[in-house]
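Several structures are given next for inspection.
Each of the next two complexes has subunit A plus one other chain: subunit B in the first, subunit C in the second.
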Partner chain A sequence: MDWFNIMVTTVEAAVGVETVFYMLAAIGINLHFGYTGLLNFGQAAFLGVAAYGLAVTVVTIGLPFWVGIGIGLASVILLALLLGIPTLRLRADYLAIVTIAAAEIVRLIFRSVTFKDYFGGSDGRYGFSEGFFAMNPFSKGEYGIGPFTFNERVTWVLLIGWILVGLSCLVIYMLMKSPWGRVLKAIREDEEAVRALGKNVFSYKMQSLILGGLIGSFGGYIYALGYASVQPDAFSTELTFYAYTIVILGGAARVFGPVVGSMIFWVLLVFIGNLLNELIEAQYITWMSVNQIGAFRFMLVGLGLVLLLVFRPQGIFGDKREIALDAR
Partner chain B sequence: MHAETKPTDHKAAALAAFKDLQREPGVTKPDPILVVDNVVRRFGGLTAVDVKHVEIQRGSITALIGPNGAGKTTFFNQLTGFDTADAGEWTFNGSRMNGVAAHKVARSGMVRTFQLTKALSKLTVIENMRLGAQNQKGESFFRALLPSSWRAQEDEITARADELLARFKLDAKREDFAGSLSGGQRKLLEMARALMVRPELVMLDEPMAGVNPALTQSLLGHVKDLREQGMTVLFVEHDMDMVRDISDWVIVMAQGTVIAEGPPDTIMSDARVIDAYLGAHHDAPLSEEELEEQLQEAEAALEAEVEEEAGK
Partner chain C sequence: MRRAVIAFTAFLGGLIFLLASPASAGPADCQGVKGTLKLQGQPVNGAKIVVTTEDGKPVKEVASNAQGTWDVQVDKPGKYKVTLDVSSLPQTAEVRGGNNVRTPTVYKDNCSTVLFALVPKAGGEQTPGAPAPTDTSDSSFWTRAAQLTFEGFNLGLIIALAAMGLSLIFGTTKLTNFAHGELVTFGALIAYLFNVGFGLGVIPSAIIAVLVGGAFGYLQDRFFWGQLRRRGTGVIAMMIISIGVAMFLRFLFLFLHGGDSEPYTEFNAQAGITVGPITAAPKNFIMMAIELAVLVIVGIALLKTRTGKAARAVADNPALAASSGINVDRVIRVIWTAGGAIAALAGILLGLSQTVKFTMGQDILLLIFAGVTLGGLGTAFGALVGSLIVGLFIQLSTLWISPELKSVGALAVLIIVLLFRPQGILGRRERIG
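On to the complex of A and B.
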């Protein structure tokens, strides 16, 4: 068994592209769900719309990279308005229903045959990231410490990714220390009380939906650039539910909850995957094949989430007095 | 601290305003702060509220009473924008308020509390209080990111909140989560928080419900204090002792309509009020013939029961 290889890939997973991409999606969810109490089950759509906004602008229309980023962000705001205006006045569960459906509609449009010329069908789009890598300050080579290294492209994506994570956390931290954040936390608990005190609840929920969507959209860009391509099925509801798992794991309504949650989530997933792989190849496990690892480790995720909700519903950093998912 | 039994200027003024009024539903007041006309709210086939005309005198404490299901809370919800009336118009300080969103109603100076207390239990007591303040710079998204733009105002708000907390004897609980307060303390907090809005009209929905007797006197004192500070109070209450103790004027609702108005000491002897309360569990008889009819029905039912018993 190659323990060294398991250790290297596991440690790399703690800071890798996938971790950062989910981290950003989860920071957005944390603003929606953790601080405002909005059940947005369509976070995948925000990431998808941003990533496709970039890809389509550059590949299909042929405009520069930065225009693509701008169009992606504008599309995210538009999506938030579209989802929010009809549903944010209703009870929380309606937003959940509408967002999960909207995310699937968005994904199915991206992969539809009808719009293949624009979105590239199920193959998606690639070849839009030159503008980004043209700015890469790292010359060709491997960067890292000891055995943990990334090539210059991944290093550049990760640098930008972590800067975005840092900025997002800073913004959330400052907002939650401010009267604006106080209104949000109050809305999470009882909208009517907040309304009775003269606050425009609808407007705050909309602001939260837009900001969380924008932070999530950074994750969409990191995905698109990290893999230099976008495929519709990368933005399925699975993404949203992993992001929720990450938020709950790390602790909802905590600034660093999603950051630590995402690291632990991916470290565990990669470690279990690699360990099973090695065990099967070394013939220690004979009752399953290498192909089944993917499905099996997600069963473990489900089990882990159930145990978490039962034994530590506030997550790792959460304060039980402030927010805890009532599983019992 | 509280204005006790000694009548004060404000109380005297309020009583004087009501002195020569007719004891009729919908009677015109000398200086109304709130004027309501033809408010109707239906739930399916049930007409929960159908108020023709009602006025609330500025600077007074007015009680809104009535048997269960009379539509008092529904009426409150219409007036404060928490529910949409099917028809009707009302003005507060002369400006039209029907169809205005709840948060705008509150901003205009008409602030309510709830029957089931809505203390935000996962915020601390002081944060609850700060939330009530209006026109906070730090509540706008972009300014929130610049603490220097709202820090000074936040300090002012905190100072005012601390003053109110001291007055309501909640200062020791300042840093506690509101969820750790007792039922009565939550009522106090909700009232104090409503005062942070700087209201002109305070609407209290059952301020005494679930409050232990030890806190009752203190709560009553605080309600009287509101009048002393020039605010108008409209409250819904079941506790007749409280109504008699603190209100200057009483409005009685039954089956969605205002059936009587008058001063607290005589209102309970009003025939319409007695009917409304005693008839609340039956179909209220509308006329003498109907009453006679109901009595006969009851007699017949009793006789039938006795005969059945005898037959066994």
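On to the complex of A and C.
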């Protein structure tokens, strides 16, 4: 049993690349679902469109990195408008089905052979991150505390990632203290009442969808830069559902809910995976093989999501009264 | 960090399990290229493979055997050119993407696996309908349209079987059940267990699987969803819970069954028979008859029997139904049982026309939703009409668009219909905004 290795990888998972990009996706969902009550099941599409916007601009068209970031953000806003205009007037369950369908459409187009020249088919795109790493202030080497170290590229991605997380949390905190945020929460509680007060509910919902999508799109960039590549199947509906699990675990409608949720989610997932791996290799567990660990871990995620919603829908930090769990 | 990357790879789910099959390190006495040719899970026999060196010197010519495998040993490591002779493939098959040349690198004492993904010529790779044994290259537009209409009906009827249960469950309990696709997979896997695991025929296995599927539906409602309703769990909470249930079941299937797609033991390679402009394997006609029969029986049961009428009453207005003396809980339980059974049947039929895989329910779930929403959420007959439209649309759209994008078309139509007629085709106008 290599307890030291288990501990190192688990602690690194608490701040690692996947933790950060899921965190950003979850902060966006928290704005949609936690604060506005919008059941957006298409968050994966926002991450995917941003990441592909960057990759395609740099690789296929050959424009510089920052133009790629700009085109990615513009595509995300366009996607939010396209998605929002037909669906935001619909009831919550319709919205869920339509957004999940839209996310699948986006993924299928990204991976299709027909558009392979643009999006690279199921192999995706790579080789677009030089512009980002050219700005890397860290010289070659390992950075970290004690045994917990990352190389200079990962450190640079993580630094930017955590800055984005901090900024997103700050923006959400300020907005939710503002009158704008109070209108969003009021829409979650009673849409009709807000409409009766003369507010344009549709417009507020649309702003929430765009802003949450933009925050999610930062997650898409962190994914693309952290792995220096994009593949269509990384942006499947599972991503959205894991992000929902993270939001509910941390506590919906709380600024730091998704942050803590994502850290706990990945620490648990990596810890359980490594522990099982060691136990199987040391032959303490004989009823499953190393190949089954992945399946087993995500069974636990599904089970955890069910148990959370049944016994503690407010998650760790949430307030039960503040969670939109009834359709209107 | 390396471990974390591995952890992330595992997150990509079954995909990795599917792609990373025997490609890993071969035995030390193997140096060359090898591969397996399969069309919809069936091995392709007698396809010719030509291996040359990078600069075109011929090395060897082989043909795939009855298991679809081929193997060429080479003396020197290096880059080789592997060409699949397209004319030696069955008439129905083609290489996905059309590129029949691969240039793998052979390393010392290692075998490289060369992948040629084969797809049916007419239908596209995920056709749950007939494996279209026609040679469509010279047939006219209308012959193809007729063939695709047939396949579209087949797919639409399978979707309709699953969709009716989903729609009725929604109508009676307001649960948007994302775990309904797993009921479909469950049926297919139970039939697979009895068929391949215990050696029973496909037909007795299918009957057992339908019964087990019904029992699974009953138990789910009795011990899970029914309890949640009693606690007064909110509609959206239940929807998210169903996502958790779907994830749990799907990965449980992966855990128990593995990530491979496997065929049943019978009714696999059938010679096609031709009826008018349509050519299909006999099993497709029989499956279609079964689907129609079951849908008619369910329809008559809904219209004529006491329970069926009660079910429609509960779907319409649960409070009013309860106050007029209908035992709502009993009706819901009957619906869950019947829904589980016909979803299992849909899974078995889907497994017979394609192969059995742990994601088959997930793959068809959005099409089921599209069918249900098109027809009008909560109406049983709307689900039938909507599913048929979805099935037909998916297959017929391949006349104009690439088969890999056919689901995109169906999902796009779903969104557009919701813009103009959000209550669906047979749904009643009500406030859904």
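In the analysis below, the second predicted complex is superposed on the first by the 323 of 328 C-alpha atoms of A that agree within 3 Å, B and C clash if a C-alpha of one lies under 4 Å from a C-alpha of the other, contacts with A are read in each partner's own complex, and residues count from 1 in each chain.
In this section, contacts are C-beta pairs under 8 Å (C-beta built on N, C-alpha and C of every residue); 3 or more make two chains touch, one makes a residue touch a chain.
The shown structure was predicted, so the numbers you read here are calculated from the model rather than taken from an experiment.
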Subunit A as common anchor, with subunit B and subunit C clashing or fitting: fit
First, second, both or neither for A:Arg153, with subunit B first and subunit C second: neither
Partner chain in contact with A:Arg312 - subunit B first, subunit C second, else both or neither: neither
Subunit B or subunit C, by number of subunit A residues touched: C
First (subunit B), second (subunit C), both or neither touched by A:Tyr94: second
Cα-centre angle that subunit B and subunit C span when viewed from subunit A, reported as a multiple of 10 degrees: 90
Subunit B versus subunit C - smallest C-alpha distance in the overlay, whole Å: 8
Set of subunit A residues, in rising order, touched by both subunit B and subunit C: none
Subunit A to subunit C touching residues, read off their complex: 5, 9, 12-13, 16-18, 39, 86-87, 89-94, 96-98, 100-102, 104-105, 108-109, 112-114, 116, 150-151, 154, 233-234, 236, 238, 241-242, 244-245, 248, 269-270, 273-274, 288, 291-299, 301-306, 309-310, 313, 324-327
Parts of subunit C lying in touch with subunit A, wherever the complex brings them together: 1, 3-4, 7-8, 10-17, 96-97, 174, 176, 228, 231, 233-237, 239-241, 243-252, 254-255, 366, 369-370, 373, 377, 402, 404-405, 407-408, 411-412, 414-416, 418-419, 422, 432-433
Contacting residues of subunit B [partner subunit A, same complex]: 80, 82, 101-104, 106-107, 111-114, 118-123, 127, 130-132, 134, 136-141, 144-145, 147, 150, 154, 177, 179, 193-194, 196-197
Subunit A residues within the subunit B interface of the complex: 171, 174-175, 177-183, 185-186, 188-190, 192-201, 207, 211, 321-323
